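What follows is subunit A paired twice: with subunit B in the first complex and subunit C in the second.
After this line comes the complex of A and B, so read on.
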């Protein structure tokens, strides 16, 4: 069965999804990723879905769940490269993915990831601030 | 041939018919900016076409390919009149007024009341058909104009402009319905991808009323933008709108809002400046241009 490659770059894991995801492949990706986080003690994960044309409610939930699971293992997940049409579909489905930090591309995703990790190290991440508050705080600068 | 007399009149007394027909129409078309010469030309052409239709003698059918010249001609006339602002009645008068010109000429030729009726009927039916045709094409053209205007309006009313490095502005004018929200959202997201902007300022100064539906549309746009990793600032929240939003119980607490576009821009600069300095620190370089811009922005603020 098709497998999604997970690449380790420094202390970051890069998951680049290169085709539309079948449900089974998505769940396999989820468990593979968690295992890899455990093995490498990675602090950050970037999931690049820039070539994915279809994100249905299932995949949306898998992504949200993966982020929550990774957070339990002390890793930050950033989803990058959501296409405009995909974003609109997700909103129409009522999936705002508020708990997942998102970025436009891998580069800005890496920046965002570093910010998040720094925040965590400074203790901001562990005092009950959800991504929403963090975002608002970022906004206020 | 049934309408023989009519055909004869058209053939032999065309100038006479044309003259009184044109005279009758001048008061109507004059005020819409059609010159008498132009009217005369149109009328003459129509009479010629009508004569050739009558000459065929067969019953007239609109979808007969042989009728194409006169049908096309009438469509063109109607179209032209729509664009000049004619009312439907004024447009249809072009054909119908011919009746009152021709009927008095036909009457003396009729030998009896019955023959007059049988003479007039085909002529009358033909003109009715042609008159209705002008109605149809009038409506078609109107429809086209409205569709085009709708498209234009949708285009014009949703400009997404890049106003600074990484900052987009989207001034919304007019009522927000689901369809427009869709257009706005698509254009905004597309532009974010193109320009890799990180902040979008949504200015609702030109939105007359904000109800729960409009607020919902705005929330959706904000959520979609966040999925692309950009932030949205809503500006142009007037006192009246602020009151409405709170009275309606709409929760915009997760979204940055400002009263004016200027305030929004200041906030956006602050938000992107944070990124700029972070970037500079990380990369260990001082991008000259960006640094200068930030300095300007600071100057502007103080």
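After this line comes the complex of A and C, so read on.
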């Protein structure tokens, strides 16, 4: 079975997902990535899906779960490169993926990662929870 | 047109078939000139339907047909399985309803992506879902 390579650049991991992905390749990527976070203590992960031409409910869920799992391991995941047709289809399908930070491309994804990691270090955004989750955790709203 | 009424049939029994079916649907959608967004819509809808088919019936068949209505071309896809069938189709079409811990997006989501959506199911016999996208 093919595997998705995970590349380490500084304290960031880069994952490029190919198109026509088999389910098992996606779930293997998820566990490989978490292991790599553990091994390298990476703080940020960029998942590039710019060549992925469909994201169905399965792949959408794998991406969302991966982001949540990584967060539990103190790493921030940013998904980059969502194609316009994929964005339209995801929303129509009913998958908003609100919990995943996204950026247009790898470069802006890296900027976003920096911001999020700095926020965490300064304690401003606490644990990388968004304002909504933060309110919920504090029992407000 | 030579391509009109040509029917393609694929049998589906595992996730490799799922990947292949998505590729085939994309090729057909491209061939009749559907826009990139519509290609993505129909491919995604098929992916959801096949997932249901694999999950509940262990597989089935997929038929692709290029259809014409006056000057309009369309792609019609029929997913057929001989699984347990759906006891309450109205419930299965409800947003967020799932009997398998899924997200429950499959059927209603696929419907929203399509121009036509028709589902027929009989308990103990199986399910047939027909979808179409027109150019």
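Here is the rule we go by: the second predicted complex is superposed on the first by the 126 of 141 C-alpha atoms of A that agree within 3 Å, B and C clash if a C-alpha of one lies under 4 Å from a C-alpha of the other, contacts with A are read in each partner's own complex, and residues count from 1 in each chain.
One rule holds in what follows: a residue touches a chain if its C-beta (ideal position, glycine included) is under 8 Å from a C-beta of that chain, and two chains touch if they have at least 3 such contacts.
Every value quoted in this text rests on a predicted model; they were computed, and no experiment measured them.
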Discussion item. For the combined arrangement obtained by superposing on subunit A, do subunit B and subunit C clash, or do they fit?
Written reply: fit
Discussion item. Under the stated touch criterion, name the partner, subunit B or subunit C, that contacts more residues in subunit A.
Written reply: B
Discussion item. Just to be sure I read the superposition right, which of the two partners does A:102 touch: subunit B = first, subunit C = second, or both, or neither?
Written reply: first
Worksheet item: Counting only touches as set out at the top, which of subunit B and subunit C does A:53 meet: first, second, both, neither?
Response: second
Worksheet item: With the two structures laid over each other on chain A, which partner does A:22 touch: subunit B (first), subunit C (second), both, or neither?
Response: second
Discussion item. Per the contact definition in the header, classify A:61: touching subunit B only (first), subunit C only (second), both, or neither.
Written reply: second
Worksheet item: For A:88, is the partner it touches subunit B (first), subunit C (second), both, or none of the two (neither)?
Response: both
Item to complete: Could you tell me if A:115 is touching subunit B, subunit C, both of them or neither one (first, second, both, neither)?
Response: first
Worksheet item: Is A:80 in contact with subunit B, with subunit C, with both, or with neither (first, second, both, neither)?
Response: first
Response to the item:
With chain A overlaid, the minimum CA to CA distance between subunit B and subunit C in angstrom is 8
Item to complete: Go through subunit A and flag every residue that touches subunit B in one model and subunit C in the other.
Response: 83-86, 88, 92
Worksheet item: Contact residues on subunit A for subunit C in the complex?
Response: 20-24, 53-58, 61, 83-86, 88-89, 92-95
Worksheet entry | Interface residues, subunit B side, partner subunit A - complex | 182, 185-186, 189-190, 192-193, 196, 198, 220, 223-231, 254, 256, 267, 270-271, 273-275, 278-279, 282
Discussion item. Which stretch or stretches of subunit C touch subunit A in the complex?
Written reply: 15-16, 18-19, 22-23, 26, 36-37, 39-41, 43-44, 47-48, 51, 95, 102-103, 105-106, 108-110, 112-113
Worksheet entry | Footprint of subunit B on subunit A - complex, ascending | 80, 82-88, 90-92, 96-98, 101-105, 108-109, 111-112, 114-115, 132, 135-136, 138-139, 141
